[in-house]
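Going in written order, the chains are labelled A, B and C, and every chain counts its residues from 1.
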Amino acid sequence: MGRNENSKLLQEIKDGGGGFLDLLIAKIVLRLIGFLFRVKKKKYNRVVSFGDLFIDRGEKAKFLGFGEGTTIYDSSLVVGDVKVGNNTWIGPFTVLDGSGRLEIGSNCSIASGVQIYSHESVFWALSGGKMEYTMAETTIGDCCYIGPNTVVKMGVKIGNHCLVGANSLVNIDLEDYTIASGSPCKIIGKVRVDGTGEVEFFIDKDS
Amino acid sequence: MGRNENSKLLQEIKDGGGGFLDLLIAKIVLRLIGFLFRVKKKKYNRVVSFGDLFIDRGEKAKFLGFGEGTTIYDSSLVVGDVKVGNNTWIGPFTVLDGSGRLEIGSNCSIASGVQIYSHESVFWALSGGKMEYTMAETTIGDCCYIGPNTVVKMGVKIGNHCLVGANSLVNIDLEDYTIASGSPCKIIGKVRVDGTGEVEFFIDKDS
Amino acid sequence: MGRNENSKLLQEIKDGGGGFLDLLIAKIVLRLIGFLFRVKKKKYNRVVSFGDLFIDRGEKAKFLGFGEGTTIYDSSLVVGDVKVGNNTWIGPFTVLDGSGRLEIGSNCSIASGVQIYSHESVFWALSGGKMEYTMAETTIGDCCYIGPNTVVKMGVKIGNHCLVGANSLVNIDLEDYTIASGSPCKIIGKVRVDGTGEVEFFIDKDS
């Protein structure tokens, strides 16, 4: 990823019969990418995708009308009417589907690979396209942690300070301070947050 | 993401010692991206990834030889010999692996994050590279809904009108009209579709 | 995706009020993308994302200081201090989080969608940002297969020749030659690799 290192792509272009313009554009792109790789590695100790080199996470959030301090990766797909509060972190490979309206609070971690829906295409597919998409509004409160690769079904209401484990399917509503996990998820305990922000977990004995 | 807003990247380029050409190219890219963000937000109420700004989902499907009306996101990785019918929706963050041949029917929803394999590298990895990849053809029928983040193992045959829940691992064959869910998946019921396309679910009592 | 086929984007630019420069840049990008799609389809029988058209998987691995023969897709997010050995395959939609240090051995398959952490934002989110991220070093040995969409929690130690099934959550240490699966994962058997590299599985009876 140095300025002239990426000779494999250039060789492929030559081998594939590419012309002068193809090579020139590829060289310009590679030069800039290589430069950005080095700049961002040095500044943030992080190597991001091609898209994230160009799309700033805070500026994408701002463009979407999300709150102050919220960031969202380039790969996150945002559809329809989606509102997000302040200081929420939204990871890569996420889907925020606001086809039927979606609202997410402040200070949440929406981990990488999380998909939150407010529509469903189940009936559409099974009926061979004869039935319509179904829709229902979905909401997530403040200070929630939604674990990696978790899927939230359309219509679900998740309260404040909820903890949802990785790989879960949330198809039920969760009250404030709930711990849930599994696919489909089960409620397995409670979160307590004291005045100073100290967090404690109370896990149900039989879970 | 406005025409001149993305000053953070430009500042990083300056701070990192980038030259005139780096800045110019970055400005041209940002200008076009900002414009496309606004155009697509207005037209489709959707904010897609950098790649999806340029790669049209229908045109990618057409390039791949998939059927009429089928769409596929830019991030979907398509390897080897993959056939897909008409009007099938293929989400982002998907893997369609046709190393050992893969066929998907018409009118399916291949939800975001789904990975469908026709090869496996398990033995290759565990043996320290001494054993080969294994391969077997995988097929999915028409009018199937494959839920978010579900993985379909190589060699699996899924019939028509099947419903597979989110986060599942499908490692067994599924007959037409089967409902399955879980990792590894269990068969939990049947789908019925009447002549008008109306869909009903029959869930097994002890599932 | 041919040289002039992608007329939909160009039409959108015209409809959206784009100027001559927007159209010109879009045409140049589309021309190069269309060319690369055809070249890579012909050479590798594979259609990759926009970013992967430009970012060579081996060169990204080299830039990151990973070992000889290791490859990593463009979409993989690599944060902090991450070391990877030789001949390891790292799929798309993966997260390698080295905030608290991460080490992965040689000859592993880190399947698509795998997320490996050495930090956690659970307490940060639940406390409304009052508590800090937590961190702990995570390690994975040689010759491991980590299945699709699996999440490895911070602080976990996975030995050599381990097999972790798809959709798993690994929140416990795994000794050499362990087979584990599930979310959270359970140990379900042992791998045996003989001198010639032949691999056998011994699955526990009651698992």
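The rule is simple: a contact is a pair of C-beta atoms (placed from the backbone, for glycine too) under 8 Å apart; a residue touches a chain by one contact, two chains touch by 3 or more.
Here the structure is a predicted model, which means the values were calculated and not measured.
**Student:** Does the subunit A and subunit B pair touch with the same residues on each side or with different residues, judged by whether over half of the numbers are shared?
**Tutor:** Counting which numbers both chains contribute, under half are shared, so the two copies meet through different residues.
**Student:** Enter the angle, 0 to 180° in steps of 5, of the rotation superposing CA atoms of subunit B on those of subunit C.
**Tutor:** With C-alpha atoms aligned, the rotation comes to 120 degrees.
**Student:** For subunit A and subunit B, let me know how many angstrom lie between their CA-based centres, rounded off.
**Tutor:** 16
**Student:** Which positions in subunit C touch two or more other chains at once?
**Tutor:** In subunit C, 29, 50-51, 75, 93, 113, 149, 167, 183 touch at least two other chains.
**Student:** Provide the residue numbers of subunit B that touch subunit C in the complex, in ascending order.
**Tutor:** Against subunit C, the touching part of subunit B is residues 28-29, 31-32, 35-36, 38-40, 42-43, 50-51, 54-56, 58-60, 62-64, 74-81, 93, 95, 113, 115, 121-131, 149, 151, 153, 167-169, 183.
**Student:** If we count contacts the way the header does, which residues on subunit A are in touch with subunit C in the complex?
**Tutor:** Residue list for subunit A touching subunit C: 1-2, 5-6, 8-9, 12-13, 15-16, 18, 21-22, 25-26, 29-30, 33, 37, 41, 45-52, 73, 75, 87, 89, 91-93, 107-109, 111-113, 142-145, 147-149, 161, 163, 165-167, 182-183, 191, 193, 196-199.
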